[in-house]
Every structure is written in C-alpha cells, then in structure tokens.
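Going by the order they are written in, the chains are A, B, C and D; count residues from 1 in each one.
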Amino acid sequence: MAHASHALDRDMMLPPAEAETGSGVYTEKLGMWIFLLSEVMFFTALIGSYLILRVSKPDGWAAPNQILNVPVTAVNTFILICSSVTMVKAYAAAADGNQAKLKLWLVATVLIGATFVGVQVFEYNQLIHHGLVPGGFVAGRELAEAAASGAAFKGGPALPTSGGLYGSTFYTMTGFHGFHVTMGVICMIFVTFKAFQGKYTATDHRGVEVIGLYWHFVDLVWIILFTIVYLI
Amino acid sequence: MTSLATPVESHVQAHPDNRSFIQKYIFSTDHKIIGIQFLLMSLLFLTVGGMLAMIIRWQLGYPNKPLPGGTVLPETMAPGGVILPEFYTSAVTMHGTIMVFFAIMPLLVGVFGNFLIPLKIGAPDMAFPRINMASFWVAVPAGILMIAGFFVEGGHASAGWTSYAPLSADPEYTGVTAGQRIWCVSLIVLGLSSILGSMNYITTVINMRAPGMTWFRLPLSIWALFITSILVLLAIPILSGAVIMLLFDDVLGTHFFLPAQGGQPLLWQHLFWFFGHPEVYILILPAMGFVSDILSNGARKPIFGYHSMVYALIAIGFLGWIVWGHHMFQSGMNPTLGTSFMISTMLIAVPSAIKVFNWLGTLWGGKIRFHVPMMHALAFVSMFVIGGLSGVFMASTPVDIYIHDTYFIVAHLHYVLFGGSLFAIFGAVTFWYPKMFGRMMNPTLGKIHFVLTFVFYNLVFFPMHQLGLQGHMRRIYDPTIYDFLKPLGGLNRFITISAFLLFASQLLFAYNFIVSWFRGKKAPANPWEDTGLEWTTPSPPPHGNWPATPHVHQPPYEFNSPHVKESDFLPQTQSLDAIPGRSSAGAAH
Amino acid sequence: MNPLSWMLPPSASTFAGDIDRLYYLILIITGIAFVVVQVGLVWFLIKYRDRPGRTVHYTHGSVKAEVIWTAVPTVTVVIIGLLSGRVWNQIKGRESVPENALPISILAKQFEWHVTYPGPDGVTGGSDDFTIRNQLHVPVGRAVVMSMTAEDVIHAFNVPAFRLKQDVVPGMTIRAWFQATEPGTYELGCAELCGLGHYRMRAVVTVHAQDEYDQWMRTARQTTAQR
Amino acid sequence: MEHVAHKKHPNYMAVFGGLFALTVLELGVAFLPWSKVAIVLMLIFLAVWKALMVALYFMHLRWETNRLRLMIIAPLPLAAILVVAVIQEFR
C-alpha cells in the first residue's frame, strides 16, 4: 500500500506526517469511530435479543401506545433530534472560529440532552406507577389487572398475560440508551468547560468533533429504538 | 555490518525524563510499563488458575481423599482437606474464567499488544496513552473482584466459565448468590478494559506506523495483534450485553434466559458463543504471530509465504464469526443450522493448515538456532497441530454426539490453549524479556524448564483424549460413581501426578523470571540478531522509544538476504541505498 | 481394555456403527496428517540445524506449494463434512425418527431422571402413564423416541454405549431417538454441568429382550398403580 | 489553512427538517390500519432513512474517505448474521 500522504489534504486536523496515517483521518476521530463500532455490537446484543425473543414468543407483547406513552416519547424523540442539531451547529461554529456561537450551542446541547434524560425518568416513573417493572407486571397495579381480565385494553387487543419479556427488554434497551445519553451529557459538560477556556480554534477543534460523533451515534440508536420499541 | 544495528545505542535517554516514581511505574502512560504491569498481573492470575487446576486434578485422581495441605482451605470449601462438590464446581468454573479472561487473554493481548505494537511499528507510544493507562487500572478492580468472589458467603460462581443459563441466572439452582453476581460485574468491568485497549491498538496500528512501515511490511505479530484487537473490539461488547442481561435476570428479575415467562435459555448460548468463538481466536492468533516472528528468527530465513500468512489470519478472523454454533451441536439447536455450522467449522481448518505448512516451509532450508524462545515456538507448532487435528473430530457433528462434553474436548482445548498459546507465551516472554527488562533470562534454566514442561504437559493432556474416548464426562466431581469410568481410575491418577509435576516445573520459570530481573546478564540492544524495529533501540528502550522517528525500508523478515553479505540479517530500518555499491531495488519478493 | 487405546468402547445402538466408522475415518486421516507433520518437523530440525558450513536457502515462499497445501486440506474437510452431514441427518434430523417408535417422555431435574412410560393406550400424556425415577427400560431391536424436557436447568441425556447425547432444556421439548441392539444394562449420565450434584445424576438403562420387556412392563404397571 | 476556516457547511437545518418530517410520518404510519407486516416494513424503511441522514450529514460520513466508510460498515454484517441466524432458530 502506498504512503498515505495524499490523504492529508482531506482532514485539516491531521498532525504533520510523522507516521503512515492509514485511515486518512486524525487519530482521535479514528479512535472514536472504532469505539463506536464496539458500541454497535453492544446494542446489537441488546436489540438483537429483543428481536429474537419477540419472534420466538409472538404473543408476549403489547400494541403501540397500549402500555408505553407514545405521544410523550415522540416529543422526547424530537428533543433528542434537536440536541443533535445544536451539536452539529456547535461543530460548525467551532470550524468557523465563532467562539460565541460555539459556547451557545454547546450549552444548549447539554441542556437539551439533560432534558431528554429527565423526560425518560418521568416516563419510567409513570410506567412503574402503572405497574410495569423489569420483571413484568406488578400484581395489583393497573396493568396486571388489565392483563388478568383478558379484556381489550386502551383501544388495542388484550394485554399479554405475562409482561415478563416486555418489561425485561424495554427497560434494558431504553435504560442502556439513557445511560449512554447521561454519559454523553457528562462528557459534553467537560467539553463545554474547555470551550469556555477557549481551547477550540478554527484549525483545531478535535474535542468538539469527537464528542459530536458520540452524541449523534446515541441519537442514531434512539431513532432505531423509538421505531422498534415504541412503534412496532 | 555490525554497525547497522548499533548506532542508536549511544543515544540513551533522548527525551529528558522528569517523571516521578508514581508517574513512571504506577500510573504510567508509557506503553512499555503498562505492558509489564499487565504481565505481572496476568502471571499472578496464571498461578491462581494453575492452583485451581491442581485442586480439580486432585479430586479426579484421588476422589474424596484429603488434599495434601488442603486443611488450610476454609471449612466451606474443603472440610478436613476433602474437597466439597460445591467447591469443586466453583474451582472448575474459576479455573476456566481466570485462565481465559485474566491469564491468557491479558498475557497475549494486554502484555504484548501494549509492549510490541508501538515498538514494532515505530511509534513513540500508543495513540491514546491515558486511555491505555485506564485500561490497566480498570482491569485491576475487575481482578480484585474476581478473587474476592472466593471469600463471599455461598462461595464463588459455579455455573462453569460458560455460565449456561438458567443455572447461572437464578441462585436457587446453584446456591451461589453473591459469587455469581461478582462474576458478572467483574467480567463487565474487564470487558470495558479490553474494549479501551483494543480501540487503542487498532487506532495505533492504522494511524501511527512509522514512515515506510506499509501494511505489508508489518511483522506477523503485529498483524495478528491487529486482527485480534478487531475481534476483541467487536466480540467483547456482545459478552458484556449478554452478561448484563444475565445479571438482570438474577438481580432485577428480568426473564431473558429464564423459561418461566418466555425467556430462552438457548439465547444465552448463542450470544455467549457468538462472543466465545472469536474469543477462542483471540486466545490463539497473537500466539501464531509471535511464533511466526520467533520461527523466522530461529531459522534465519524469511517467513515462508508472508502474504498468505496475512490472508490466513484475516480469513480466520472472519470465519471465527460464523462458526459459533459448533459449540452447540447437542444443545437442542435446529439440526439444519448444525449442518451449516459444521461446514463453516470444517472450512476454518484450511487457514490453520496453511499456517502450519508455512511454518514448516520456513524451517525448510534454514539454519536453525535452538535458543529458548525457538524451542517454545517449535513446541507450539507441534502441539497446535495436535489441537487442530483433534478439532476435526468434534467438527464432525455425528462424532461430536459421542465426544461432546467429554475429556476429549478438555484435551483438545488444552492442546490449543496450553500447548498452543501458553508455549507461545513462554517463548514470547523469553524472546522480549531483554527488551522489557534490559537483562537476559538464564538460557540453561530456560531449557530445563522447557523440557520438563513439554514432557509433563504431554503426559497430562495426551491421555485425556483416551479418557474422553471412553466416555469420561467433563466437570464431574467424582467419576467413580459410574461403573464404566471405574477402570479409568489409574489413568486419572497418572494424569494427576503428571499435573502436579507440570505445576512444579513452572517454579523454574518463576525463579528464572524473578532472578533474571535483578541478576540476569545485561542485554545488548539486539540479543537475538533480529530485524524488527524494537531491536534498533536500547534494552530497555527510553521513554518515547526512539530519539527520532525511525524510517522503514525493508520487509519484516530479511534474514540471509542476498543483498547483504556482512551479517545474516537486514534490519527493517536499513536502507540499501545507504550501503555503498548496493542497488536501490530493495529486497525483492 | 487397554485404557490408552484409540478404539471406541463397545456400542449398543443402530446408529453407533455409522458414528464409529466416521470416527475411525477421521482418526486415520488426522493420524496421517499428524505423522507427516511431526516427522517432517523433527526431520527439518535435524537436517537444517545450525552447523558450520550450512547455507540458508533464501526464499519468500512458493505459490505452487501453497496452492497444494491449501487445496488438499480443503478437499479433505469438505469430504468429511459431506459424509458427516448425511449421518447427522439420520440421527438428529427432525424427520429422522422412525415410524411407530416407542414413545417415552423424560423429565430431567436436579439431579435425577424421571422416565414416564405410556399406559396401555401406547402413547404418553394420558392418565394411564406411569413414571419411574432413574431407570430407563427399553426393548431390544425397537426404536424408542424420547420427548425430553427439564424442570429447572439444562441437563444432557448421555448414554455412551448408544453414542447418544442430547441436551435437555427447560422450556423446550426436544425429541431424540435410538434403537438398542444388545440386551444388557448401560449407564445414563448427565453431560451438562447442572449444579453441585451434576456428577451423581446417574440412571441405569436396561435393554430387555421383547418378551422380558413386556413382562417388566406388566409388573411395573401393577406396582406403580398400587402406589 | 485559512481557506478551511470559512468552509461551506451543509444546510443542517434542512436535515433537521427532514428528520422531523420523517418522525411525524412514522407516527402516522404506526397507527394506520394496514397489515402488521406492511407497517413494520415501512417503519424500518423510515428508521433506516433517518439513521442514514444522521450518519451521513451530522456524523459527516458523506465527506469522509471511502476507507473510513468501509471500516465503519464492516461490522454490520456480523451483527446481521447473529440476529438472522438466531431468529431462524426460534421461529
């Protein structure tokens, strides 16, 4: 394979040619992408298990909006997409060397990201109140009663008699997504602090781009989760 | 031509090194120190794993007799020295877990991935030195947890290293509550360490190779570590996900693997082995890489078929993902799926065969030096052939019906992991010890250790094939319960005695390792007359490895190149233009 | 018997012959490969050892040699695979159970085997069934199909003499069959780690001649009915 | 390096608009009285579309080298192999 110097003009944040840069991108970005590949496999384990269990027990699941509150989550999805836009705006501001906008958009991303987590906590709270926990339906609560009655529920068919798989997969998938958002918010706070110290310039704003990749990845996972958990 | 290898030796300490003791040796970001830290930690775990093996062997050879010195064990493990069945299953579980996750894997990947990658590709350090440090200091609590599990109420996890659900998912079935949870948490934490490490190795190899170190000039050890890191990166998260679900089944009351509310016990096996088979290759590919380096050095010849060796590594790395079902032929899996898995499993024998024949081709026509690393490398080839051939039996689904879960499997996996990986590790440690510590290990002790290990190793594991062929099941506490296993008592005792002698032989290695560190002969920069980049810097290399970035001009294994007459090796950094009267064509191939 | 033998112990089921033949075929093939490689290795070590005057044959490889040693193993393993696939389907294929096989159901639990025999109606599942712990009685020369499930954890039905091993999984009913060829008693052991009593999860398999089996069945029905 | 400081950014607000519109569309499709299979296929199509928009524009894959893109999609077949094979088993 030839020397990789022709790749240098592609990525302005590559260091001077002291090494063969096989990927054509700077090291931090490459590292984050590689880390994200590992995250892809992690979510494959969780989402794949859900799909497999769902196919193996077709009658163990509720229809959309029966148990989960789709309108609230739709708003939350919108919130997360907004945070992705503010993130990418922050990156654009950094690339333009616009420090004021960079700080503004980063702060906005932190706040909107935290809001997403807050709404998710609210959602969990509601669900537990109605009687869905990771182990299934809580005896005596609304959902357990409805499932036991065998009658049609909230405009859909009757609930499955046991909510075991439903609760298990729902909380595990959305919980680990929420955990990733929380980690993202924490890292983003660090980046914001560094932005206020003026650490990111038009020629070197690697931190903003790298945290952005993580942030958009988490958004991407949510797009998948929202569709297969809430809408299918 | 001796001048080729020496010029850098005068440049000791190119960068001024002002780090405090703690920065230098404890919370170090230097890849060499982190490699040595992993080495010490994993050798410690290797010892623990070995002791557990002795406990297992004692019970099998002398069922229900008190273990010599076993009275030091608590009443809950071995009252009066007699091993309890619950402790036996715990020991079996932890022997596997510790050897796989805390000994062999860190020895191959953590130690040599860290130590060799920057040194062999010409980088001053890893791409992310602080993440590298974190990957070690995350592994330490995981290790402490895994040891702590022995001392909690109910004993340590006892569902096997494969932790098949539902046995592992509900304490009711094993009587182990805390131990199993500790097992899960420890593996999740260790998984984080492995992912951080592998991300670092991959980034480093892709982006930090010295100028001129093109992909097909990489030594096979680096190729192997690179492919292995990809496997670690993509396989470990699957294990983490599965173990998290297992832990939730136990702690949060979820139902992933518990059938009562629709969970699937076989889902655990699929997830585990989807991780587990790449893991098997994680445990052997780096060993193949080290052996290639050492064999070429010992034979004083370029490696035979370098390109096909690389493609074979890549093929194994890919095929490793589509064969996981061969661990599950008898599990109740769809038999048609079994046939597809059998075919892919059979095919994976091909790249392994290519590697073996190319190693033989490397020896052919060489001028073989029998130094200690070479002996271990040769033993690797010989033992790996046995482990590979015995694999064909279990790949054949009908034969597997009979030998599945018998000692035949135990023999097979130990021929690959001990006869293969561990011999390669002994060879690699001896080979790179001078670079790590600046001193040579004692070759006489090394040879005695090698011979004893080779002999006793085969006396322990070869007869296990026969145990398996007579139907001896794995993981049984007392084989004398079965009439058809009673005639095998003598063989079991023979294996046990050999195992104790094998364990005792390792004391020689430990002695050699520790004493050489302080008293060993001072090592020159290039004691084995090797071509790799790491031998162009002093032993041990300074912080930052080289005063200036090295430039690479040669393929990795230019021994006895016709372009050089003065010595029998051509370092990778040597440009032929620099030698008066040489053509600039380079070493063609 | 010599415990260091590579021979398989005596077998007592119809498909054991196929499995044993495959085993011996693989034994011969791998045995040849083993001898060739190990002898070659030792021979090279002696012939090409470092001694004065030895010159190295400098080479980076040979495409011809590599093609040969890629092709030969490929063809060999594919042939083994095809032969194995046929036998596998005859033993474990979902359609492989012979017609009019004698149905028996087996429930595995920590740490015992519950064998349920059909009542006079000839099928399991009726109220006339009876269950015996840790004893499997079958007639010689007749296919027996077992519907197996587990109550708690995964166990494995393993009768080495029949060359039959099948995991028994809770939440699943798995069918497996065999046809015994020799009257006598054999041992059934659990082959999948199932807890601290795994080692003692043992049962006895008795293969009777048909008339002896009928008689055993009559007595067993009476005694279990009285309980 | 001056010229990169004023490089043209893609229209991120348009991407945002697209994501928003697709989400609304998804919500509509999910409650249509179609067959379950049709709804599922449609939803998966829309979700993949949205995911691609995020990856291509927000994560800048549209402007990265082919080498990086190839590296990133390489593990996806492995994930698919796992899920598809195991689903076959339990179906």
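Please note the rule applied: a residue touches a chain if its C-beta (ideal position, glycine included) is under 8 Å from a C-beta of that chain, and two chains touch if they have at least 3 such contacts.
All values derive from a computational prediction rather than experimental measurement.
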Comparison of A-D and B-C (more C-beta pairs in contact): B-C
By mean Cα position, the chain sitting nearest the middle: B
Computed distance of Cα centres, chain C from chain B, in Å: 31
Whole-Å separation of chain centres (CA-atom averages), chain C against chain D: 47
Rounded Å distance, chain A centre to chain D centre (Cα mean): 13
In chain A, residues with contacts to at least two other chains: 22-23, 30, 37, 41, 44, 52, 56
Per-residue overlap in chain B, given as positions that touch at least 2 other chains: 234, 238, 260, 263-264, 266-267, 270-271, 334
Multi-chain contact residues (two or more partners), chain D: 75, 78, 82, 86, 90
Pairs of chains found to touch, sorted by chain label: A-B, A-D, B-C, B-D
Touching residues (chain side chain B, partner chain D) in the complex: 234, 238, 264, 266-267, 270-271, 274, 321-322, 325, 333-334, 337
Of chain B, residues touching chain A in the complex: 122-123, 127-128, 131, 195, 198-200, 202-203, 205-216, 233-238, 240-242, 244-245, 248-249, 252-256, 260-264, 267, 270-271, 549
List of chain A residues in touch with chain B within their complex: 1-3, 17-23, 26-28, 30-31, 34-35, 37-39, 41-46, 49, 52-53, 56-57, 60, 133-136, 162, 164-165, 167-169, 171-172, 176
Footprint of chain A on chain D - complex, ascending: 1, 4-7, 9, 12-13, 15-16, 19-20, 23, 26-27, 29-31, 39-40, 43-44, 46-47, 50-51, 54-55, 57-59, 64-65, 67-68, 71-72, 74-76, 78-79, 82-83, 86-87, 90-91
Chain D partner contacts - residues on chain A that touch it in the complex: 7, 10, 12, 22-25, 30, 33, 36-37, 40-41, 44, 48, 51-52, 55-56, 64-65, 70, 74, 77-78, 81-82, 84-85, 87-89, 92, 95-97, 202-203, 212-213, 216-217, 219-220, 223-224, 226-228, 231-232
